[in-house]
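Two complexes, one shared chain (subunit A), two partners (subunit B, subunit C).
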Partner chain A sequence: MQLAVNIIVLAAIYALLACGYVLIYRVSRVMNMAHGELSMLGAYLLFAAATVFAHHPIPALIIAILMSISTGVTVYVVLMRRMTGEMVLAAILTTIALGILLRGLVVLVWSASEQHPLQSLGFTNPSLAVFGGARISTCAALIVLMAALVYGSLFGFLRFGRWGVRMRAAGQNPLLAAQRGINLHAIYALAWSLSTLTGSIAGMLIALDSGLDQSMVVIGLKAFAPALVGGLDSLLGALFGALIVASSEVLAIHYVDPLLSDVVPFLVLIAMLIVRPWGLFGTREELDRV
Partner chain B sequence: MMGRILLGAGAAALAITAQIAAVHAQDAYVIGVTGALTGPSSGTNGPPIEGLRLYVDRLNAAGGINGKKIQLNILDDQAEPSKAAANAKRLLSQDNVSLLILSSLSSTYAPVVAESKRANVPLMFMGAVCPKEVYPPAEALQFCTTAYAGGYDSRATLDFIKTAAAGPVKLGLVAMAIPLSRGEIDYAEERAKTMAMTTVDKEVIPPPTADYTPFATKLKDANANWVFSWAPWVTEVKTFEALRRLDWQDNYIAWSHIEAEGELARLKDGKLYVIGANSFFQDRLPVHMEIADAVKKASIRYPAEQMTEGWIGGLVLESALKKAGWPADAGKVRAALESVSVDTKGLRGGPLEWSKDNHFRARQYYRVYRWDEAKSAIVQAKDWTAYEVQ
Partner chain C sequence: MSSRPRASGYFRTDYAADYALLGTRSARIWVALFSLALLLFPLVASPFQLDLACQVFLASVGALSLMLLMGYAGQISLGHAGLIAAGAFTVGILFRETNAPFWLTLPASALVGALLGVIFGLPSLRLRGLYLAVSTLALHFVVIYIGGEYETRRGFSTGIMIDPPQLGSLSVTDGRAWYFILLVAAASTLLVCLNLLRTRSGRAWRAIRTHETVAETLGIGIAAYKLLAFVISSSITAVAGALFAYYRGFVSVEAFSLFLTIQYVAMVIVGGMGSLLGALLGAAFVTIFPYVIESALLALPGAQGFASLLFAVNYAAFGLVMILFLLLEPLGLVGIWRRIQSYFLLWPYRHRPAGAHQ
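Moving on to the complex of A and B:
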């Protein structure tokens, strides 16, 4: 039973991180290679807020979330907006440069030492007994709940929200959407802010559960595999991709060799690219644009 | 026209700056450092470089060595072998350093060692695990000041487990998927067999891992009553915490990296032991006070206890450069390193002495610390134990 819990937790981590890749790609066709760094930055922003508002978790969390949203908007306005109309490759290279910059910045500001925002907030992370003798930490349970909440909200927003429908329209046909009066820059900025927010939430919860250091960047990069497996333009695909990759990873650790955990996400990805290059729920048309 | 003038002026300024820098470098000992200042292992490998810089800044402020300043050229390799190789090449061929210092993951060793051999410049491991090549008979160009070292660490740890264990030992082993960590844990597994311990599980964990629980689940399911981890701190502590989250209540012993003192105080777990070769700042030796004071004055962002490795590196560098005299090329520095004898002032259990054959130390001393719940403080679980290096 513990295996099932482990799979669910890892899938929730990947799902939270993967939806950020999907949101930006779906709307602007840009693969954000700085998503891991932005998630890490979100977690460091929580750490900074927790240091200022020590033992006052609510204001610290609110400030961290607001700063994460602002970061997403700022990245778009200052950097990615200038990439509009340029080659997709140029935009991707820009995100790679942004990632390098953020990694250096984080070390300069917070040092490379491992940080523990949970302590600063005055929280503890007790282990909870769940079904069948399995256990889960409180923060890991929160990750699962938050993944469900984020995906539920995003599905609702994209299907029924006015701005959500606009986002879908801008993603499907930006020219037509612009001709219908949709402000594309506002839509792209919204996509970047939502992507950074979901990535930051993942980063914050991982940091609360197991500490915060630079390895989060690589975790963010690993979540790229579930996004591709599910189909880069499908939120539902990201969810299923996360579940598939997490299951393969945890089962490989348990039954084959722990060393495979690093390789398995990419083996699954390669298998998917061979069988169905546009991913489980992606659309074939999108592949041509890539 | 104006643009061209400005461009010309800029180029001239750059050329003059480069010349000044070159003159400056010729008038100083130039030491190259490549290390993981960023990246997954930067928490362990970054602070030693900061400690070295702190020590060198103090030396320079006091007039340098033999009347000459020390210039540290520090480059970040992010613990990536390709970047470490490029750094080493640049430091050796462009900056003409007389000594190369490495503080990074063991996966970076091979390319840096190759570059050091090609240029015939000594390489000093500092804050990065000592490779076996520094043990007798040592490779001519490789030296190591770092506390941790393959083989001896496992021997000392298993000896401690043997004396501390109440009954039969069912051993779980944890490594990071990097060459030296894996090699050491394989060695521990073999050695445990000769000490009547049963190895029930061995986990080799990749460096970037989102959740350590799947690995901890296997250790718990294997019913390990002692777990020994010899890996970068991030792997050691996250596996431990994952085990506790699974309600595993047995004993865990990890290598005492620079983060260990702060982490023991954070975790407050009586069954978490750390074994290491550096003393803790809670011992309040004069040298600890000196480092803490220097950290405070220099506004370093790392805690003082994380400066130990860099400080010892600085002590060795000072001693070697004094002996090498001025001007000192790579050959003179290497010759000086071969007869280094440094009083670690209590930072280690004994002095750090090198000879032509031994670039590690004559004796390796180990001490074990743990958290005492009754005293609500870190206590020594076992005082210095010496192991002859052969």
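Moving on to the complex of A and C:
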């Protein structure tokens, strides 16, 4: 039972992070290699807000979320906007460089030692008993709830929301979408801000659950595997990919070797690239467009 | 090569002139002067400068091989650190387990590199661009995992110590000896790459990079040549890793993080895609850059307070420089160099005459 709970929590983390990759890729065909760093930055922003608004968790959370949204918009406007229409490689490399820059800045501002925003906010993290004698920490339960909430609202937004439909249109055919009067730059900026928001939410919750340091970047990178396994342009796929990757990782850690934790997602990814490079739910034509 | 600015009056009138690597007298003189300077450098350099030069040579070998793959064959690889690690670990494992001398371990690491090149290259037969980058990135983690597993299983959890290579009865520990060994390594890699690019395979790679479908209709075996590019590049990279292991005398997985890959990719980008000179310039730039930042920081008032943050400053500055190059100078250092050359060639005019051939 504990295994099942572990799988679900890890899958929720992966799902929250993976939807950021999917959102940006689906709209602008850019793979954001700085996603892990951006979610780490979100978590640090929460930490900063928590130290400023000590014992006022609600304003701190709101400020942190607003700041992470504006980070996403800033990244697009200042940086990625200039990369529109450039080679794929150039865009990927720009995000990689952005990641390195952010990593350096985070250490410069907040130092490399581990931080605990949970204490600064004045929350506690008691462990809850769920069915079958398994236990789950409150924050981990919150991660699962949040993943469900984020995916629910994203599905709704993309299906029914006016801007969601525009986003899908821009992803399907930028030229036609622009002809129809859709402001592509606004759409891309929206995609970046949503992606940074979901990533930051994941980062904040992980930080609340288990402390905050540079290792968050690795989780962000590992979350690329579920996004690709499910198909880079499919949100539903990201959900299934997260489940597959999380269950293979947890099972491998439990039954084979804890050291495998960093490599299993990539093994799953390689297997998927060999069998179905476009992922479970991805569109096949994507491969040639790249 | 055709983009290199030329003065007028440069004609190749026979096949020998066409084959020559150094076409003009001034090129020959400059190369001779540069080689002389490289040979005399150890006489005047401090140990620190020697070490820096050695690092630049090591990086050049790796950057040249990556340039072969990315700049000429057009295959994106984010697994470069994994290949360097593979070479270094081949040396480490062979040395630890069988006490093999370097003339066995170096070919062995080249072999391992070639084998890994096939594995890294196999996805390229089906995948392109972004997906290829991801698959090589994933393989990087697999290689690092295997290396780490070896370290923990055999009880070298802090890393593997390697004795300096033995030449006859004397062992190579002297900085100057290393300088010449690595200089020879970098120079021979450059020669191999230069000549490789003038052969059938070099032309095939460029054709594949320019347009895969057209290359195929020209009768170029895409699969074979892509794999060949990966194999050659990977085995050179693995040899660079092996040399790195001997030079440092120490191998540990921590040294081969994703950041190392990014550094090598940065060398190719900062230097300038599709130019061997660019690979060399990029290698020198990326290797020396952190030291420049360090000395600049330490020159600031209150430097002691920064000392602990040095690596963070380095990270941030490195990311910033990479972004600036990608945004403002996609052609890299070579682009700047060519522009300066053209400026002097065209002087007093500012533009090429209309319709002139590059």
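Just so it is clear, the second predicted complex is superposed on the first by the 290 of 290 C-alpha atoms of A that agree within 3 Å, B and C clash if a C-alpha of one lies under 4 Å from a C-alpha of the other, contacts with A are read in each partner's own complex, and residues count from 1 in each chain.
Quick note on the criterion: a contact is a pair of C-beta atoms (placed from the backbone, for glycine too) under 8 Å apart; a residue touches a chain by one contact, two chains touch by 3 or more.
Bear in mind the structure is a predicted one, so any value in this text is a computation, not a measurement.
J.: Identify whether subunit B and subunit C fit side by side or clash on subunit A in the overlaid structures.
T.: On the shared subunit A, the partners clash.
J.: Between subunit B (first) and subunit C (second), which, if any, makes contact with A:A43: first, second, both or neither?
T.: The answer is neither, since A:A43 touches no partner chain.
J.: Is A:G104 touching the first partner subunit B, the second partner subunit C, both, or neither of them?
T.: Once the two structures are laid over each other on A, A:G104 reaches both partners.
J.: Quick check on the superposed pair: does A:L93 touch subunit B, subunit C, both, or neither? Answer first, second, both or neither.
T.: second
J.: Is A:H254 in contact with subunit B, with subunit C, with both, or with neither (first, second, both, neither)?
T.: first
J.: For A:I274 in the superposed arrangement: first (subunit B), second (subunit C), both or neither?
T.: After superposition on chain A, A:I274 lies in contact with subunit C alone.
J.: Just to be sure I read the superposition right, which of the two partners does A:L79 touch: subunit B = first, subunit C = second, or both, or neither?
T.: second
J.: Quick check for you: in the superposed arrangement, does A:D262 touch first (subunit B), second (subunit C), both or neither?
T.: A:D262: touches subunit B and subunit C.
J.: So in the superposed three-chain picture, is A:L228 touching just subunit B, just subunit C, both, or none of them (first/second/both/neither)?
T.: second
J.: Once the shared chain is lined up, is A:M146 touching subunit B (first), subunit C (second), both, or neither of them?
T.: A:M146: touches no partner chain.
J.: Show which residues of subunit A both subunit B and subunit C reach, each in its own complex.
T.: 103-104, 107, 112, 221, 259, 262
J.: Under the definition above, what is the set of subunit B residues touching subunit A in their complex?
T.: Per the touch definition, subunit B meets subunit A at residues 36-40, 42-43, 46-47, 177, 203-215, 217-218, 221, 233-234, 237-238, 241-242, 244-247, 259, 266, 301-303, 306.
J.: Which residues, counting only subunit A, touch subunit B once they are in their complex?
T.: 2-3, 6, 9-10, 13-14, 103-104, 106-107, 110-114, 116, 119, 125, 127, 129, 135-137, 140, 206, 210-211, 213-215, 217-219, 221-222, 249-250, 253-254, 258-259, 261-262
J.: Quick one: which bits of subunit A touch subunit C in the complex? Just the residue numbers, please.
T.: 31, 79, 82-83, 86, 88-90, 92-94, 96-105, 107-108, 112, 221, 224-225, 228, 259-260, 262-263, 266-267, 269-270, 273-274, 277, 287-288, 290
J.: With touch defined as at the start, can you tell me which subunit C residues reach subunit A in the complex?
T.: 76, 123, 126-131, 133-135, 137-139, 141-142, 144-145, 148-149, 152, 258-259, 262, 265-266, 269, 309, 311-320, 322-323, 326-327, 330
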